[in-house]
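The first chain written gets the first letter, and so on, giving A, B, C and D; residue counts start at 1 in each chain.
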Amino acid sequence: MTMLNNVLEQWKGIPGFDNEFFKYLEMGTYNHEKKILTMTMVVPQELCNVLSTLHGGAMATLVDVVSSIAIIASDPERMPPSVSVDLSVSYAATAPVGEKITIESTVLKIGKNLAFTDTAIYNNHNKIVCKGSHTKFIHRKAAL
Amino acid sequence: MTMLNNVLEQWKGIPGFDNEFFKYLEMGTYNHEKKILTMTMVVPQELCNVLSTLHGGAMATLVDVVSSIAIIASDPERMPPSVSVDLSVSYAATAPVGEKITIESTVLKIGKNLAFTDTAIYNNHNKIVCKGSHTKFIHRKAAL
Amino acid sequence: MTMLNNVLEQWKGIPGFDNEFFKYLEMGTYNHEKKILTMTMVVPQELCNVLSTLHGGAMATLVDVVSSIAIIASDPERMPPSVSVDLSVSYAATAPVGEKITIESTVLKIGKNLAFTDTAIYNNHNKIVCKGSHTKFIHRKAAL
Amino acid sequence: MTMLNNVLEQWKGIPGFDNEFFKYLEMGTYNHEKKILTMTMVVPQELCNVLSTLHGGAMATLVDVVSSIAIIASDPERMPPSVSVDLSVSYAATAPVGEKITIESTVLKIGKNLAFTDTAIYNNHNKIVCKGSHTKFIHRKAAL
């Protein structure tokens, strides 16, 4: 995890939309064999809607961000940059401000050009909050 | 649009994740017959990724937020609250910081329980940046 | 599983698009606690594309059909009819004709109005072929 | 359209899942400038569910098949083969057996590696039945 933590620390220093999430996210565990990354977050007011529950757009962004880190985690020294192709999220329940949620992202497959991921967000009773899929295109350098 | 603008002005006063987008969004036009709402935004650094292009999670949030307003716009005085069921986004191109983008959201159908919307984001050359779908559940009061 | 098998046997007798899949599907196991249904199929030529691999539309239909059975399986005597709201599928690999695949569908949540499911198709080496999500609306009778 | 019709006629001769749809589909129009292909179909019992309305899996397959033809139509002589990456469908209404439906597929973008499409199915009153998105990976030959 050292390499991955270094990558994250570098990212945390860069202002922008990612950082609005990184500053609340805590690294959990990474299972190399199953390619599953977990991170946790206490839902902050800043990422909530007017009902003080985690905003649907913030959930979509967590699916995006945590699965992107999971892709890097699978090979932090050599993974090329990747860009989003498709993202989809199903919203099963709400997560109120102050609740500790767990974001669990699984890399289903990393191919030559595409990476497929599957992400679930659970509340602190281990109930599903949302489920998302994120497909990314990997910018590998041409074989020169 | 007066009623809709009033609704938006009220929302803009409420701190939270919506407001991180409302403060950059400008109301465009609303076509009542076709149920199409357009809003515009100059891409701010705050919603960008490390490459200084609009973050994929921010695009997903724009699909969520603008389609939610489009649903309200179809009947701003009587539309009940709604919650997200499914959101999906396909990413076709990037939108760099400073670019003026147009978010165009169409309400495909508002049924008794569900609302279906379709949203496109265009860059300032009218090229597609992303395309999204957002399905919401409408909390109508039980017939008492 | 007796009640569920009875439901399936009835369905198998009804001509239509479902039956083009039911006739190839074999019931696997159902885990009541985790709400996971598995079914298997040997990929038939009839459901293949011109490259003799399982057609993407057939995979989408398997996600639809098997998750619908999983919803019924959670309460086969009392589950009301449900209709599709949103379906999404990510295609990670191909499954050639003659390959035995496993379709594993998990009911993530059954609420008052909506059911959320998550489905994976694996090949006979337990590698992921596709991953899908299917949200359904449940037609519960009004409380009379 | 001659080249496109020739391609379709060849495909119609190949048994398989595609052909279960091609045999009911009629070529409509193709707008080269807007990259919009329309095809029509009278909903056959064979593609219906037990309620005698067009099956959700059949709708997903129509989104897949017609958008794939639309990609080819954009350059029928030179378009390389493509494979599905992500497909998503939102179901807004039913289409009963015997109804004439129109499938309208728009190629949003064809890039170096990925093609993005958007497809709507309308009933014979021009009301939306479903809306789908289909992203494909294009197998271009390496630059030799």
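Note that a residue touches a chain if its C-beta (ideal position, glycine included) is under 8 Å from a C-beta of that chain, and two chains touch if they have at least 3 such contacts.
These numbers were taken from a predicted model, which means no experiment stands behind them.
Compared on C-beta pairs in contact, A-D and A-B come out with A-B as the pair having more. Repeated interface, listed pairs B-D, B-C or C-D, reference A-C: B-D, with more than half of the contact pairs matching by residue number.
Subunit B and subunit D have CA centres that are 28 Å apart. Subunit D has its Cα centroid 33 Å from the Cα centroid of subunit A. If each chain is reduced to the centroid of its CA atoms, subunit A and subunit B end up 23 Å from each other.
Each of the following residues of subunit A touches two or more other chains: 85-86, 88, 90, 133, 135. Only residues 86, 88, 90, 92-93, 108-109, 111, 116, 118, 127-128, 131, 133, 135 of subunit A touch subunit C when the two sit together in their complex.
Residues of subunit C touching subunit B in their complex: 85-86, 88, 113-114, 133, 135, 137, 142.
Across the interface of their complex, subunit D is touched by residues 11, 14-18, 20-21, 45-50, 52, 55-58, 60-62, 64-65, 83-91, 94 of subunit C.
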